[in-house]
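Naming follows writing order (A, B, C, D, E and F), and every chain is counted from residue 1.
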Amino acid sequence: MWLELSAIFTQLSSDPSVRSIVLTGAGDRAFTAGLDVKAASEGLLSDSPEQPGLDAARRAAHHRRHIASFQDCISSIEKCEKPVIVALHGIALGLAIDISVAADVRVCSSDVRFAVKEADIGLAADIGTLSRLPKVVGNFGWVKEVALTAREFGADEALRVGFVNRVFGTKEDAIRGALELAALIATKSPVAVQGTKELLNYSRDHTVQEGLRYTTVWNSAMLQTKDVSAALLSGIQKRKPTFEKL
Amino acid sequence: MWLELSAIFTQLSSDPSVRSIVLTGAGDRAFTAGLDVKAASEGLLSDSPEQPGLDAARRAAHHRRHIASFQDCISSIEKCEKPVIVALHGIALGLAIDISVAADVRVCSSDVRFAVKEADIGLAADIGTLSRLPKVVGNFGWVKEVALTAREFGADEALRVGFVNRVFGTKEDAIRGALELAALIATKSPVAVQGTKELLNYSRDHTVQEGLRYTTVWNSAMLQTKDVSAALLSGIQKRKPTFEKL
Amino acid sequence: MWLELSAIFTQLSSDPSVRSIVLTGAGDRAFTAGLDVKAASEGLLSDSPEQPGLDAARRAAHHRRHIASFQDCISSIEKCEKPVIVALHGIALGLAIDISVAADVRVCSSDVRFAVKEADIGLAADIGTLSRLPKVVGNFGWVKEVALTAREFGADEALRVGFVNRVFGTKEDAIRGALELAALIATKSPVAVQGTKELLNYSRDHTVQEGLRYTTVWNSAMLQTKDVSAALLSGIQKRKPTFEKL
Amino acid sequence: MWLELSAIFTQLSSDPSVRSIVLTGAGDRAFTAGLDVKAASEGLLSDSPEQPGLDAARRAAHHRRHIASFQDCISSIEKCEKPVIVALHGIALGLAIDISVAADVRVCSSDVRFAVKEADIGLAADIGTLSRLPKVVGNFGWVKEVALTAREFGADEALRVGFVNRVFGTKEDAIRGALELAALIATKSPVAVQGTKELLNYSRDHTVQEGLRYTTVWNSAMLQTKDVSAALLSGIQKRKPTFEKL
Amino acid sequence: MWLELSAIFTQLSSDPSVRSIVLTGAGDRAFTAGLDVKAASEGLLSDSPEQPGLDAARRAAHHRRHIASFQDCISSIEKCEKPVIVALHGIALGLAIDISVAADVRVCSSDVRFAVKEADIGLAADIGTLSRLPKVVGNFGWVKEVALTAREFGADEALRVGFVNRVFGTKEDAIRGALELAALIATKSPVAVQGTKELLNYSRDHTVQEGLRYTTVWNSAMLQTKDVSAALLSGIQKRKPTFEKL
Amino acid sequence: MWLELSAIFTQLSSDPSVRSIVLTGAGDRAFTAGLDVKAASEGLLSDSPEQPGLDAARRAAHHRRHIASFQDCISSIEKCEKPVIVALHGIALGLAIDISVAADVRVCSSDVRFAVKEADIGLAADIGTLSRLPKVVGNFGWVKEVALTAREFGADEALRVGFVNRVFGTKEDAIRGALELAALIATKSPVAVQGTKELLNYSRDHTVQEGLRYTTVWNSAMLQTKDVSAALLSGIQKRKPTFEKL
């Protein structure tokens, strides 16, 4: 399933007809089905073909390849050139956090039940949560607490610490809100939108000076878009601009 | 104008009679005049002398030089060795954000109208907002939302997410508040104050271990100031210390 | 005293019978005794054996060695492989901040009086506050303000900006709260808990991509723990798992 | 062709029956066919579907995607977990350099004609040469000279500056030499060999302190291989060890 | 004088009629006049207006500003967008090394006498030598030896370790050789040449992965130059291409 | 033994009567006794108290602590503030390389037999060789070859690639040469010498811009030494300067 998710986001990334993306979960009860103990057990233990006699180093090599490949799938959301808004609802444990911190904006319904659940099954979260959550939420003590205790937190707490941008009454409302936000972004210049996502993600991982340098090079080409004059002209003419695909 | 702003902050940086700086905007209506579509259009499109036939690579080189030079002007606020408090009011779009995130502390009046407005004119903000805003406000989803949508946000939201330190009723109150804060800082040892600004900005861009190492070298000289004994002595004597210029 | 503190945390770090740690202050009035002007003066001025005639460069070398050694002591809290929860109360100035930002989670009583007090004695905080506080609290303007002004802030403000995770009525309540949190963490797999602390601290100081890469290598060994099957099995059997020491 | 090359190296990377790899070029005249002006022209100009009216920003986005994809193909040689030895001969311009600096060891025949040829067709080498060559050859002035002038250099010069490890008389000798080196490496423990490649590549891009930290985590699993006791035992018994696949 | 040198290189950097630069020293005896003990003494000791009573911290601040400003002057050679070839002769101590490692290529006459002379006057070289020399010469033991001993080294040793690209018999020959190299570079596409310098300097300071990413963005605009088709076409037509200024 | 070596270098680092250090090996046959298969086997396998039933994750934790502690011992040579010259002779395998790349300068006798021997015992070198050797020798292909093959290399090859600074006929000559070099360094200002070592090691691990910034802060204190005027004055007076201890 994760390979498919990756293939989809890789395709959306360069599909010129796509301007913004909403990711949501099917079903009423859960965004992620929660920790299916059996599946987790099989997923974790069967990935390395544990031939009898395989030593711990070789088992580690198999684990490493498997984790890296799984991480790459989820990172395709972050690498997608178009903004991704995720609408979360119901049970949203473990991978729900890995997925949502790879997205750009998170909204949720009021019934959501979040948890960085991995510590409860004997492992440190390794598909992205521990690398990205501290960069999404600027409250390191809170991040440590929820990751070390695996305790649940709800919509209000998620909003207060900045994990989600907005809380909606129901799943339907959350999806509608996400779609409205996506629609708004889709009216903007794709050159501006894709540049903004790229430069913000770049800046997160670099010094201010590095961020500024990369920005000069990026915009040296991007300022040559017709979108700037289209936007300025439509501003003068008090009408909505139309921007070409990208 | 930006070259003048840079020249001023470069001068203030090493002027020994200056201990802290308040930056504010003239006029009642706006901190920055807002996006003057005509000026923006001219500013963006005329900087590269678009001789007919100049290819896109050479146009890019001209843009790159122009953006880098503009960024350097605004970065002079951050590089200024003395703390800079910016008091914002009214319309405060686009460059108001670039400027204010290069300052140390932001306060505003309740009528302020902020926006990372660049996406609305077809470009990614390139004079500092996208590089510095995620390091000023620890709520990456919110930063993404306001940068991708270019929507306005007011004083209350700015306070809630930590973009401003304090909201005042009017522009006059905001300036008075900024001046009081600046005056308080000016009573402290300039060695302590300038070191604190430098070490905090350095730490923002480095690992904790790097921050600690730089701090040891910095303070190895700075601890040799008379300000420490002056401060300690005046503490014992229950009087206000006086510190020499720097 | 700091050398002893370091020795204790280094011992706790690899002591297999320890799973989580609560650090608190003796006495009712203060977590740290506050800035004892005399001691501070002696501590600061006497560490370098100021032989007459020692030049400023050699004095700097002595200061550098002293600061680095002091920093190392406090960093032993961060380097400790087990989570550290600090319960703060009463006067908590200067070193209280250095210590608490090196811990994983901070809780406090309602009477606490925090301040980054160093600027008031003529120096920039150099034992960790300026390097770690901006990474603990995602509100850079607030960090700058409290560090530049040395002003006090209380429990409510500390909670609002995310400096502490929770405020309790009294010191006793705060310690009880800290112990409950520590006890909860102690029920989890030590492999999961120690990995979570390590990977979160690593991620704070690295790009997302670096964090993911380190995580794959870390977990390639850690997934080979019996704790995963112990946790999964006890989950199926609806009983509490027991995990071996580490 | 580059996509195929990438697919092959990705497959070899985790194929347990592969221990080391020799990469060489078919034909007598050239390792790379040299700069086929027509192909280069088509390759460079046709990748972005230049619909009439596409602005320079959108063309840049297409170029960026294309370059990144091409780089990824060549980087698959570096990412391959098994050592790659490249044997070069004859004309070896442009992509020959990009490919060979992504390999671990370079050998060549005496008739080889190297050049960082890109400057001669109006562009800066962008498939890896400018990023990797300065890290392969520790002579920055020489790297600048050959990249800025696009001048040819032969086997002797390549050996002198450390671009190649060894020069052989003919292409056949070079391939035989490469195969002997690969065969020698294939007799070693795959755990040791793959770890050595990974840790050396990691160290190239990190500080010594970071390199040491990553090494501790890497080897914490890898030391648990049976290869260590197999190697030690065969050492005592004066016989050749056999190591399991990886 | 250093401010003038900086002004000149800043001007040359964006002067479209300049394609490459040769830097050389007037006079027969020395590239740099050598350590004029009196001037050095005045230069070092007089830059901070040593008012009686100025404490060591404030003197340090003055030194810091002075060193930073001096470094910026010399760094203008590295920041210059056009390649800089330096031809060295005779006595070339101290600043000669700072200057030459900021250039792209170094050539010298056989009578040259190099030394990292600063240790002999009681200080660590601080205008660039210690930061750049280890990145120019890939022989860290040699760099340490010449910097720690301040001993002289001649043309042959400089060539052997890769400090210079070529040794010429006389100063005149060295200048002629530098001019020929500069002339050759000037025949290439300025888009290719300036990109090559920028990307090589960027790669020196970044990981391979970062270097590749920056390269994709840089070349996304630069590939849109007419120089590529001009170069390819002239290649087909077997004639010398002409490239527009930049 | 390694703990003692670390204790000695830590002591020498701040002992004011020490100005430079020569490290050499006792005995005629070997610098390091070579890979004592039994000791290696015990050393590697016994450090983690392998209680029956200890899972691979917990064994990994023990290995990690052990490797980190061993690395710290060897790193004490690099962290030592005084320059360290190592004179190598005879058999110099495995740890001889780890030790010598942590030193500043390497010299050897002509009978030396070097090898990065670890691959031959089934592991990747983890006490520093793989992290430091690529930064000591600027020939990445050669580093890869000797680390992947574990083959021996002698004095001539070591000199040619820059692994050693000089080759002497015998062990006695090598030690004498090392002592002469150490004696020469000991005549220089300790402020200059210790600064030069620190700034070169710092620059190895940082960008040029970071190196320059750290240098300004470092020298802002160090320029305030009396050694500068002592050196300048003795230069004018044509006599040998004397410098105070540090």
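Just so it is clear, a contact is a pair of C-beta atoms (placed from the backbone, for glycine too) under 8 Å apart; a residue touches a chain by one contact, two chains touch by 3 or more.
It should be emphasised that the depicted structure is a prediction, and the values quoted were computed from it without experimental measurement.
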item: Where chain A and chain F overlap in contact partners, by chain label; value: B, C, D, E
item: Which of C-E and C-F has more C-beta pairs touching across its chains; value: C-F
item: Homomeric contact chain B-chain C: same or different residue positions, threshold half; value: different
item: Centre distance in Å when chain A and chain D are each reduced to the mean of their C-alpha atoms; value: 33
item: Mean-CA-position distance for chain B and chain A (Å); value: 30
item: For chain A, residues that touch 2 or more chains besides their own; value: 56, 59-61, 135, 137-139, 162, 191, 204, 209, 217-218, 220-225, 227
item: Chain-level touch network, classified as line, ring, star, complete or other; value: complete
item: Residues of chain A that touch chain B when the two form their complex; value: 83, 104-106, 135-139, 162-165, 181, 184-185, 188-189, 191-193, 195-200, 203-204, 207-209, 211-213, 215-225, 227-232, 235-236, 241, 243
item: Sites on chain D touched by chain E in the complex; value: 35, 37-38, 40-41, 44-45, 56, 59-61, 63-64, 67-68, 71, 75, 78, 118-126, 128, 130-132, 134-135, 137-145, 147-151, 161-162, 204-206
item: Of chain E, residues touching chain C in the complex; value: 56, 59-60, 209
item: Complex contacts: residues of chain E adjacent to chain A; value: 214, 217-218, 220-221, 224
item: Residue ranges of chain D in contact with chain A within the complex; value: 14, 54-58, 60-61, 65, 191, 194, 221-227, 244, 246
